[in-house]
Each structure stands twice: as structure tokens, then as C-alpha cells.
Amino acid sequence: MIENAPIRRLIAHLVLILGILVVAFPIYYTFVASTHTLQTILRPPLPLLPGKEFFANYWQALFGGIGRIGGVGVDRLLLNTTIVALAVAIGKICISILSAYAIVFFKFPFRMTAFWLIFITLMLPVEVRILPTYKVMVDLGLIDTYTGLTLPLMASATATLLFRQFFLTIPGELVEAARVDGAGPWRFFKDILLPLSRTNIAALFVILFIYGWTQYLWPLLVTNDNQMNTIVIALRKMISFADADTEWHLVMVTCVLAILPPILVVVLMQRWFVKGLVESEK
Amino acid sequence: MAEVTLKDVRKVYPGNVEAVKGISIDIPDGKLCVLVGPSGCGKSTLIRMIAGLESITSGTVSIGSKVVNQVEPADRDIAMVFQSYALYPHMSVYDNMAYGLKNRGTPKAEIDSRVKEAARILAIESFLDRKPRQLSGGQRQRVAMGRAIVRKPQVFLFDEPLSNLDAKLRGQMRIEIKKLQQTLGVTSVYVTHDQVEAMTLADVLVVMNEGRAEQIDTPIGVYERPASVFVAGFIGSPAMNLMKAKSTGQAGLDLAGGGSVKLREMSTPEAGRDILLGVRPEHMSVVTEDDADLLLDVSVIETLGADTLAHGHVAGGKPGGGELVVRLPGSTRVNVGDRLALAIQPGMAHLFDASSGRRI
Amino acid sequence: MSPRVTFPNKILPYLLLAPQLAITLVFFYWPASQALYQSMLREDPFGLKTKFVWFQNFAKVLNDPNYLNSLKVTVVFSASTAIIAMGMALILAVMADRVVRGRGIYRTLLIWPYAVAPAIAGMLWLFMFNPTMGSFAYMLRATGYNWDPLLNGNQAMVLLVSAAAWKQISYNFLFFVAGLQAIPKSLIEAAAIDGAGPNKRFWTIVFPLLAPTTFFLLVINTVYAFFDTFGIVHAVTGGGPGKATETLVYKVYSDGFVNLILGDSAAQSVILMVIVIALTAVQFRYVERRVHYG
């Protein structure tokens, strides 16, 4: 710090606090709403402090079932979404670490072809191939299955590229030392590469967990059955301004429960998450 | 224990780049062979072929009596110390040393005793639980050595193991490596670009240049009878004086840069032949003008304490031609502008063919 | 690429690549090629006959006023979102760089929205601003302003942009903070010795040196606003009112899935694909220059 001007620092703090208010307020607002009765919510303005219905609302939403989405409880939605997010994150990490390993540590015909095949998928997000992908899913009988919800999301170039970039920084002499020490490809992978990739894997896990949790278009396409909805899609189905019978208090609860797990993951694993985010996008 | 034999070993990289152009070396059991040369001379490729990390284009590498061309590095019974040490960053010192033994299925108790033994020899017992990043450069170097010796291999391979250390530590470790190699009596191959390391460590010294072995000899043989201009210029510091000359046919040479040099006690090539005369700075001494083989006009003096280096040109020569350095005892008093009468010590003048660069 | 040290196995690498390549071929290349093929087909209204029509679908789409409208909507939406999200994030990052105490806490409190799904971000803002029960809608109306984003297209757009930008602030903030930390302190000190005051230092030293980060974020935010915000549009406005918030991606979805005009939808997909390729190319051209690949 060059200047030690207390005024400038005070302004900085004030701006930051203002920023936090803007950033956090929508979440807080929803939380407050989730603790009031439906009647209170429908009579704006909403009180600024939480109400007394916390337990009643959360209990009903979690275990009582919600009429508009076929009586499915939020517990089921959370389970679905957790399965999807975990499967996508873990599956993607496994698949891409293996392919990056092949591309960096082996020489074989069509190595670069494989690399480009993977790389080009960066340019084919699901949004640009909605209908034909849907058709593939129908043909394979994957609609309304966990496989259908997760498998197509597991292959993508970003994770592979990140691992490739990291593997390229591993000195060749380390590989040679391992070979002299009698480690074949599998032992090298298990004993040396995996432990060295720990931080990268942790960072990627956070990012991919969020990615899986927040999917929208894909689950929208491949689920019809209310039992198979992810929480985000179910939430969309619960809301209607046309119908007077939207159970807003339960919507608010579901919304809070939909946000909470990924926020916890991000905040608790902040260190890896920030590192991984800033590095993976470079 | 085993001898290492290379027979006409060649390495051609894709794109027809020939890195090693047919080298044959016999390293007797228990001896240390140093491969020395400038970067890009093929010495690293050669040691990596011995290790099995590079495929061999043609020729054979044998360890003991067995040709190992097609044998995996892990099965060659070798151990290697790398330039960057290549320690596994996530393993403790102990695990780094034990890893190769574990992979071979050595019993735990055996691993433990061997690691402890190696740690004792290298005085790294107190760091066994640490991770490599918590160690200094010298300590890491020791761990890398330890990883090699716990294996009790038939052959040690050292790929520039000291080049990441500072000068003082390098000198110390050099001596330790020498001692260790002698105590353990393991046949070793050692790659370096540092001629001091090469001279002090080698039993067999191989000077390499552009993929060929210029000379294979004892260190003293290389020093005293360099086989080529390249070897003459590469080994020795300050470097050997090399001067273009023409033979007069009568125990003397006319220097291309002017002036002349007498040659005694050696047969001179036929008159008119273009040759290079090589004389090491330390192989000339100040004498009276009658006994002199050449006269030097001094232009620059470097006082090093133990020695004094006098730079100048041969009397009668044009400045800029026939430059010469002489190493004199530190007690010698010389001034710029002096004319020194110098005699070449008997047998210490080297003649090389000007076109082939080979020794005559 | 430098010559890498590799293992000499012949079959293993193919086995390692197999899962990723299999998924990629089945779920990426096959559908993408289908989209290309379909973009040149036209079905008769009863779905009985299909005809290969070359680029007619593209011509039709590009001349369709609805498509041009949605292009305009997308540009307005993306530009506003990117500018607002990046502007706010930059201000916050500069402020965070200035404070010493509490930096970690501020960061923790500012990164929440990253974890919120775009669709939910849209809903959060809808809760606050919908005319039925939103507190802010209530307050706006109390001041006499006629606020109803469900009927007024511009207001709907404002709501979408707010939600989309809000969600993206955290991401931009983290990158700006990293960018600011990468600027050597000695440069700022040199500028101070050269007599530049704090504001001048920011605009003449810090801001130009942040240019790579800014440019990178611009590309990322554009991609985000183009594609990832489908959920916001779908959850909040459904493209309405009228077609005031129908973005390109949303139109592909509604033409293909709701209106079942397959050829048009496929042609739009292909146009989108071209846009992604262009954006990715720009991004990598720039990345290639900044990051050294081994």
C-alpha cells in the first residue's frame, strides 16, 4: 500500500458491503419468504425478518410432497439432483483423467486425432444439438433414467484439457525415474500421477459438482416423469402466476434447498474452487 | 557386479537426426566411466540408451554378459540418478527410496534395513520422514543417490547429477560420489559437461563430440595425449594454446600468425605440411633466451595468486595472430611489455593435422 | 509439444481413451451431424414427406423477422449482461484489492451466486419483482410506476439482465481479483513516484494491464449470455411477453420442441454452432498467446 488514507479504505469497505448486500439479498429474501405462511407471502411487502413457519414449511416440503409436481417430495428431488451432480462430477473426472493420461503419456497412431476429436466438442454445447440428441436418447431408451441424465454430460473437453495441461508440467525425468524403479503405466498412474493430481481433482470436483447441480436444459429434455426431476426443473414446474394455488411458501423452501448444497460446496471448498476456476479457464 | 559393454551403438531419431554415431566402450567391472562433452554431443542419449529409456537403433548394449537391448529399464538391474533428481514430490524421503524395492516385491523388513543402511551411509537419517520440498538442494541430491544405492544394482547411471548444485557443494559431492563408488565397487556411468568432474571421477574417460567418441582413455592419458584438436581444446583450463603453423621440416614450425617455434626431441612432419601446434599454458617455463623454443611479448597479465597467467603473442608475430597464454608460478614477476623466453617441456608439444584435426 | 517421455504400450492408450471417445461420438458427433443433415431437409406440413432443400432453410430462417428479432434480443441481452456483470465485478475487485482486513470474508460472501443455477437466479429475482407478490414490485407501484414485467417487454428484459448479471458477478470478481494481484506492486509504486495520483494510476496503469483479463471475461460472458441463460429465459419469461425476450437458444428450443418445425430449428442450431466456433476460436487465439502450452 502506497497511501495509507483511512478515508479511501473506508469507502472501499462501504462499497464492498453494498456489493455484498446486492449479491446476498435475493438469497436472503427467499430464505425469509420460506419461513412465512403463504398468506404473508401473498401480501407484500414481505417482512425483513424470518417468520415462525420455518419448521412447518420445511417439514411439509421435504416429506409431505408437493401437489403441483405430482406429490413428489423435495427429499426425492434432492436425492435425484445429488445423484446427478455426483455422477457427473465423478464420471467426468474419471473419464477425462484417463483420456488425458493416454494423450500425454503414450505415443500411438491417431493420438492427435483423438485429441482433436475431444477438443472440438468444446464447440458443440448441448444447445446447438438439442433435437438430434433428444432423438438419440429416445432411441437408446434413456429418457427418465439416471444414465440418460448423466452419461451424455460426462464427456467434455474442458476437464480433459485441464488434466492434459497439468500432466504436461510433470517432468519427464519423474516418469523415467518411475520406470527405472519398476513402475509400469498402471503403477505410475496409481502411485504417482493420482496423488500429484489431488488438488486439481478437488478443484475440478467443485466446479463439476456445481455444473451438474445447475443443469437445466438437459434434464428438461430427458425427464418427463416427476419422480425423475432434478430440483431445478421441479421448481420451474411448481411456479405459475396464472394459477392462484401456487404454494409459494413451499416454492421458497424448495428454492432455498436447491441453492444451499452447491453454496456449501463452494464455500467449504473455496480454496480449491478458486484455484481450479482461475486455472481451468486459462 | 558386472562389466558394461557398448558395441557400435547408434541412435537415429525420426527425421534422420543421428544423435549417436556408432560408439563402442568397454567398462570393466567396478570401474567408473565418465562421458563428457559439450551439450548436444549425444552423451545423455547414450546413457539413456544404457538405462533403457531410449531405444537403440543399432549395435548392442550388454550388462554382464547379457545383451539388454530389448530389456525394460526396471529389469536391467540398474539405478539412475537424474539431473533434476526426479524425487516423487508427494512421497517422504523414506518412501522415495523404498519405492523401487516395493515394486519388486522385496520383503518389508529387507526394504527397511536397506533404506536405513543407505540413509546412514549418506547421512540423511534425520530427514527420512520429510517431503522432498522441505530439503535443500544438497539433501535432495543425497536422497536421489540413496534411491539408487538401496537397490544394490549392477550398474549406477548418473546423468549430470551435480549440475543443479552451487560450486562449493558440487566439489564436496564429487568427492563423496567418488568415495561411495569405490566403497560399493559398482560399475558406473557418469555423464557431465564439467571437465573437472570428468577428470577427477573417471577411471575411463570418454570425450564425446557430435555423436562420436573422440577419445576413450584414462583421464591422464586424455590430458597428456589428446587424440584430437577437439579433445585438446575441451580438456584443460585455461584451454590448450592451439596455433596454426607450417612445418619447416627441420625441428621447427613457422606460425601462421608470424614468428616461429622450435621443436625438440620429436620427429617433425614433412616440410610444408599444414598443422596445428598445441601447448598447454602450464607446460611452458621461463628460460634463458638461448634455451628458448619461442619468445612471447606479454600484453595482459592475470594474477591469480598461486599462478600468474601471461597473455601475449609470439615475438615476430602480428598482434592478433599467434595469441598465447602461459601459466607461470605465482612468484614470477612479469610486466606488460616484457618479452619472455619460453621452453616447452619435453614431450608436451602436440601436433595435429590441420584438416582432420587428428593427432600426428 | 516437446518430446515427451512416454510408456511403450500399444493397446492400453486406446482402452484409456475409449470411454470418452464413445460418449463423444454417440452424444456429440452423431447428433451434431444429424443437425447438419436435418438443416437441409424440409418436411411437408403432415410430416409425410421430406425433401432435401440444400440451404433453403437457412435462407428462410435468416429472412424471418422473428429470427432477426431474436438475434436483436440476444445481442441486447448479452451486451447488457456482460457490461453490468463485468462493471460491478471490476468495482468490487478494485475495492477488495484496496482493503487489507476482511478480504477473505468479502470474497466468501461474494462468491455465493456462482453456485446458484441460472434458472434459480431468474426465479429469485422474479420473487422480488413479480407483480403478484414481489416486495419490490409492490414498492415500485407504490411510487406510481407502472411495473409489470409479465406484460411489458422492456421490463421483462431488465429483469432477465439483472438476474443474469447478478449470477455472473462472482465469476468475474474472482478473475478480476486474480488479475489485479498479478500486477506487480513495483509498477504501481513507480507510477506513484512519477507523480500519478490514485485515480490516474488506475486508469493509466492498472486498467490497461487488466486488458487481457477483461478481454477474456468478455468472451466468457458472451458465451454465458448466449447459452447458459436458457434456464433464466425459460423459467422467468418463456420468451415473452410477445417475443420480447426470445433469445436465439430459446428459439431453437421452442421451434424444435414446442412448434416442431424441425428443419428451421436445425438450421438455427447450425447457425449457433458457427457462432460458438467463432467465439471459441477468438478465445483460443488469445489464450494461445498468453498461455504457453508445453
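Every chain is named by a letter (A, B and C) in the order it is written, and numbering of its residues begins at 1.
One rule holds for everything that comes next: a residue touches a chain if its C-beta (ideal position, glycine included) is under 8 Å from a C-beta of that chain, and two chains touch if they have at least 3 such contacts.
The model shown is predicted, which means the values in this text are computed figures rather than measured ones.
Chain grouping by touching, computed with subunit B excluded: one piece, all remaining chains connected. Looking at contacts between chains, the pair that accounts for the most C-beta pairs is A-C.
Measuring from the averaged C-alpha position of subunit A to that of subunit B gives a distance of 59 Å. Between subunit A and subunit C, the centres computed from C-alpha atoms are 16 Å apart. The multi-chain contact residues of subunit C, meaning those touching 2 or more other chains, are 5. In subunit A, the residues that reach two or more other chains under the touch definition are 173, 176, 179.
Taken residue by residue, subunit B touches two or more other chains at 53, whereas all remaining positions touch fewer.
On the side of subunit A, the complex with subunit C involves touching residues 1-3, 8-9, 11-13, 15-16, 19-20, 22-24, 26-27, 29-30, 33, 41-46, 94-96, 98-99, 101-108, 111, 114, 117-118, 121-125, 127-136, 151-152, 154-155, 160, 165, 168-169, 172-173, 175-176, 179, 184-185, 188, 210, 213-217, 220-221, 232, 235-236, 239, 241, 248, 252, 255, 258-259, 262-263, 265-267, 270, 273-274, 277-278, 281-282.
By the touch rule above, subunit B contacts subunit A in their complex via residues 48, 51-53, 72-75, 78-80, 82-84, 86-90, 99-100, 103-104, 147. For subunit C in complex with subunit A, the touching residues are 1, 4-7, 9-10, 12-14, 16-17, 19-21, 23-32, 34-35, 38, 88, 91-92, 95-96, 98-100, 102, 106-121, 123-128, 130, 132-135, 137-139, 150, 166, 169-171, 174-175, 178, 188-189, 192, 198, 216, 220, 227, 230-231, 234-235, 249, 252-253, 256-257, 262, 265-266, 269-270, 272-273, 276-277, 280, 287, 290-291, 293-294. Looking at the complex, you find that subunit A touches subunit B at residues 171, 173-174, 176-183, 187, 191-192, 195-196, 198.
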